Amino acid sequence: MDPVILFFLFGFVAGLLGSDLKLPSTLYDSLSIFLLLAIGLKGGQGLATQPLLPLLPQIVAVVVLGVLLTLLAYAGLRTLFHFDRPNAAAMASHYGSVSVATFAVAAAWLASRGLDVEPQLAVLLAVMEIPAILVGIVLARGISRDTDWRSLGHEAFLGKGVTLLLGGMAIGWAGGPQGLQPIRGLYFDLFKPVLGLFLMEMGLIVSRQVGELRRRGFTLVLFGLGMPLVSACLGIGTGLLLGLSPGGVTMLATLAASASYIAVPAAMRIAVPEANPAISLAGSLGVTFPFNILLGIPLYHWMASQWMKS
Amino acid sequence: MDPVILFFLFGFVAGLLGSDLKLPSTLYDSLSIFLLLAIGLKGGQGLATQPLLPLLPQIVAVVVLGVLLTLLAYAGLRTLFHFDRPNAAAMASHYGSVSVATFAVAAAWLASRGLDVEPQLAVLLAVMEIPAILVGIVLARGISRDTDWRSLGHEAFLGKGVTLLLGGMAIGWAGGPQGLQPIRGLYFDLFKPVLGLFLMEMGLIVSRQVGELRRRGFTLVLFGLGMPLVSACLGIGTGLLLGLSPGGVTMLATLAASASYIAVPAAMRIAVPEANPAISLAGSLGVTFPFNILLGIPLYHWMASQWMKS
Amino acid sequence: MDPVILFFLFGFVAGLLGSDLKLPSTLYDSLSIFLLLAIGLKGGQGLATQPLLPLLPQIVAVVVLGVLLTLLAYAGLRTLFHFDRPNAAAMASHYGSVSVATFAVAAAWLASRGLDVEPQLAVLLAVMEIPAILVGIVLARGISRDTDWRSLGHEAFLGKGVTLLLGGMAIGWAGGPQGLQPIRGLYFDLFKPVLGLFLMEMGLIVSRQVGELRRRGFTLVLFGLGMPLVSACLGIGTGLLLGLSPGGVTMLATLAASASYIAVPAAMRIAVPEANPAISLAGSLGVTFPFNILLGIPLYHWMASQWMKS
Amino acid sequence: MGMHTEKRTLLTVFTEASIEQVLIRDMDRLGIRGYTISDARGKGSRGVRDASWDESRNIRIEVICDRPQAEMLLGHLQTRYYSNYAMVAFFTDVEVLRPDKF
Amino acid sequence: MGMHTEKRTLLTVFTEASIEQVLIRDMDRLGIRGYTISDARGKGSRGVRDASWDESRNIRIEVICDRPQAEMLLGHLQTRYYSNYAMVAFFTDVEVLRPDKF
Amino acid sequence: MGMHTEKRTLLTVFTEASIEQVLIRDMDRLGIRGYTISDARGKGSRGVRDASWDESRNIRIEVICDRPQAEMLLGHLQTRYYSNYAMVAFFTDVEVLRPDKF
């Protein structure tokens, strides 16, 4: 098993056993800044060696995908799981968006199998963070007058995550593979061990979701496992439509299947206050995130390969 | 002189001169998390290549050693140094336990001399943190009804230090030398420079003990130098009995001679509130730690070699 | 363009756009500790291979240079820009002192062009932090009785920056190139990527100066661009007088042209409370720092080459 | 006889860190001239908030002003935030030296 | 006439960070329904505690409740912790809006 | 009847972190026996101080003592620091248990 997954499991078990282990919150913040920058840099340096124009249709495609996933999740939560409107909207928003940690694990998984991923997947990662937030808000409250669109737009486009991804990409693109040479030692070579440390803390955080899960268990587990499977299929479909490589299709499936646990919760807490944040987090962090990194990624890769063969 | 020792001396001198230098406490915490994980990983990857059963008698032996050292220190403090019961118990507990920073310096010292250490020494390090705490509490208050054993057991077994050591070891063991390859760049290659930074802060902390030392000087210095010498002899004896390599014997002697300054103070502050924490820390940090890393380690190695020859 | 400059520009633009991006303040502190130590280590290891005596006249020369620059800046601010006495003194003190980040960027710039810099420039960097502070205080309040010289001396000589530079140098000098081998991986090889992260935060901080700049604009911009040009000439002159190499002359010019934004503001806030800190920071951070790292360094190098040829 | 001071009201609010920016904007809009914010953790009717990660961080907001303004601000918080966010607020009587500032 | 508020007591405790978990357990056991904790440093009869490392960190604990409960909690702290730990505690009168919460 | 407590004054100061050491030295010199300090951010007449870097960090200082000493300390702060530093200070009445400590 990949050592970064072992770090996750270790954090999870330590959390369940009630260990005092705890990363300083500043360290966690710093690690996530590093990972976002590194992903951006890697994507950007790849983009530097190819024309940018073909990116446009891909961006449009994943925006549509993000909107679709959010609507689908909302419909499912309302009709099959009888969620009330605000909670369904908030939860749907999480599943329509993406998880950077899941992206990072998939990148490590694909790399260790020698599977290339198109550099623009990092762009698509950044793009896919956003539409679900806006759709989620509209679902929760309709298009009302007193929605503070300015601050929501700010939250969506200038949030820390998107800024760092895009900034890293800009630096990587401007520097190119040659220019980044002197900084590879940190941002590329140490990516995996840093990801391990980050996942250890993720394991601790996930372990804290178990209580909530026990309370609402069945519903959340069912949705948290079912939704990513549906999303992955749509992701694979989109990837094939865009003519991505096997690695690229797997990655897009993983992105579609992943659920946000940083940007979206922060935005929903402000925009849809009536939604209980504990529910969406228990789903996205407590079920979907571990499922994706432990079983989902290999599964999506297998599904992608099957489809590509046929 | 090893550069990590130079970092320690620099921090110590800067502290004595009253410099404003101060590591952010979060950085200090982060560095110690890193060191504990790295020590665990290294030990675990070593264990992956050998059978685990022979470990059992070694674990039993060091538990006995830890109990013995605590009792010995207690007896000495009560009879020779006329400490009162709580302070003697608390102090004894520090000296019966171990110091991770001292272990790290010894590991660096032995490695730079090409001396191998059995990987299980990292296991023994984790094991030896615990018995002294429990013995110290019993010494302080007998086995009374209102001791909160649950929270003490928690403190002892699920404290941050032990969790990280054992977790790192589990990851290292599950991954093996091959699996850890992609994360070596951080946890193995950068161990020494990170240890340097950590020791710089240790130097600053040690310099703050000087005031307390001046107040109680003689007693603390005498005990802080004498006890590790006694402990090292018992450590060497145990090491020979267990048939360890020269590096392993030196390391076990160093462990025995080292005194805790993280896990034990935290546990004693809660379990033996009447003990003055300033006294034990001045001894373990102000005298024993610098003695061990500057002179003790080479001395114990020399003693071990002499004994092994004869 | 050097990737570290790209990091700076990214931070600056993100700040201007009002992004939520923000480095945890502990991370910023940690990065600056790392950079100061690394600069010191590098300088110190260089000094280990040469006699120390010739350093003395160089130290005296840069002390004189620092005093001169402060007086010159003060005279200019009083007569040409009509600053009141405390503000002129505080501002002059910033420009008579030096900026470590600018030094680091210049070091990276020169290294990537294969230009050697004498190791003692790190010593001169530490030395030049100090005289401007003392001169600034005397300019602001004359030599009065109630100046708390003790705490100012402390601030100047035992401040975090100077301590780390000198400490790093001592370690580097004692260890020598050979002894530092095991810690190169962090302090030397990762210097540039860490500098990038640091400059990203600098960009964010600089972007916050824009408001103040807009308010007092013209004056500050004029002085913030003019003063470094004058200082660089004096720096080049001093460098030639001391017989430094082309790299060394460029570096000394850069040091002279750079303005402090850490040590001096802290000292001035206490010693010259009537001065408005926003003004000096807007000048040194908002104008001079970006000018130096974007245009100044290449310009000073070109000027130095011209002069050395003639 | 002592210093001349005047009475003001200190409004203290314990709430979720996630709405810090929103509350700052509200206070600016409501004409609050000064406030102080610090980090906290705690427990209340909405469970334990132990600051172990972003979602469970608390803040403490303190505003010194005259009583009517304090009541106005608290009224606003009550209508907008009390039902959906972890939030506790209370008044304390304090004495200030430069009453024109508050 | 203003808002309708009720009087409660705020108990503030400055003490060593090392016993945070112990005190939380005590408060839970004593039926305290809410508290807020933040980090601090300081000086008192037990010397300077400058938060430079774990052993010298302080915390501030704040509990709003009715007077009898505040006195009960302080009484407990006094018997259990006053003699062996750096600890200072005091009461302040405060006004709350939702008295049933405290 | 309740616990026996005595009245004291709590002086709270919000000010710039850059003068923490200076103020500590002042308090020591003025015979203040105890104080507590914590980190803060805020806004006041000198603008927003958001703790985003050293220059914009605030602190909160709290001192419990008798009224005359509190007024003496505040008087000192007023003459020395009020005009040049971001600073706000106020008194609160508090009740303490061990009056000899303060």
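So that you can tell them apart, the chains are marked A, B, C, D, E and F in the order they are listed, and the count of residues begins at 1 in each.
The working rule: a residue touches a chain if its C-beta (ideal position, glycine included) is under 8 Å from a C-beta of that chain, and two chains touch if they have at least 3 such contacts.
Values in this document were obtained by computation on a predicted structure and should not be read as measured data.
*Asks:* If you walk from chain to touching chain, how few steps can bring you from subunit B to subunit D?
*Replies:* 2
*Asks:* Give me the chains shared as neighbours by subunit D and subunit E.
*Replies:* Joint contacts, listed by label: F.
*Asks:* If I rank A-C and B-E by number of C-beta contact pairs, which comes first?
*Replies:* Of A-C and B-E, more C-beta pairs in contact link A-C.
*Asks:* In whole angstrom, what separates the CA-based centres of subunit C and subunit F?
*Replies:* 35
*Asks:* How far is the middle of subunit A from the middle of subunit B, if each middle is the mean of its Cα atoms, in Å?
*Replies:* Comparing mean C-alpha positions, subunit B is 41 Å from subunit A.
*Asks:* What residues in subunit B touch two or more of the other chains?
*Replies:* If we look for residues of subunit B contacting two or more partner chains, we find 22, 24, 26.
*Asks:* Tell me, which residues of subunit F touch at least two other chains?
*Replies:* Residue numbers touching two or more other chains: 38-39, 92-93.
*Asks:* For this structure, give each pair of chains that are touching.
*Replies:* Applying the touch rule to all chain pairs gives A-B, A-C, A-D, B-C, B-E, C-F, D-E, D-F, E-F.
*Asks:* Give the list of subunit B residues in touch with subunit A in this complex.
*Replies:* Listed in rising order, the residues are 24, 26, 29-30, 33-34, 37, 154-155, 158-160, 163-164, 167, 170-171, 174-175, 179-180, 182-187.
*Asks:* In their shared complex, at which residues does subunit F touch subunit C?
*Replies:* 16, 18-19, 21-22, 25, 51-55, 57, 81, 84-85
*Asks:* Quick one: which bits of subunit C touch subunit F in the complex? Just the residue numbers, please.
*Replies:* 22, 25, 28, 151, 204-205, 208, 262, 265-266, 269-270, 273-274, 277, 281
*Asks:* Can you tell me which positions in subunit E touch subunit F when the two form their complex?
*Replies:* Going by the criterion above, the answer is residues 12, 14, 38-45, 58, 60, 67-68, 71, 74-75, 78, 82, 88-93.
*Asks:* If we count contacts the way the header does, which residues on subunit A are in touch with subunit B in the complex?
*Replies:* 1-4, 6-7, 10-11, 13-14, 17-24, 26-27, 108, 112, 189-190, 192-194, 196-197, 200
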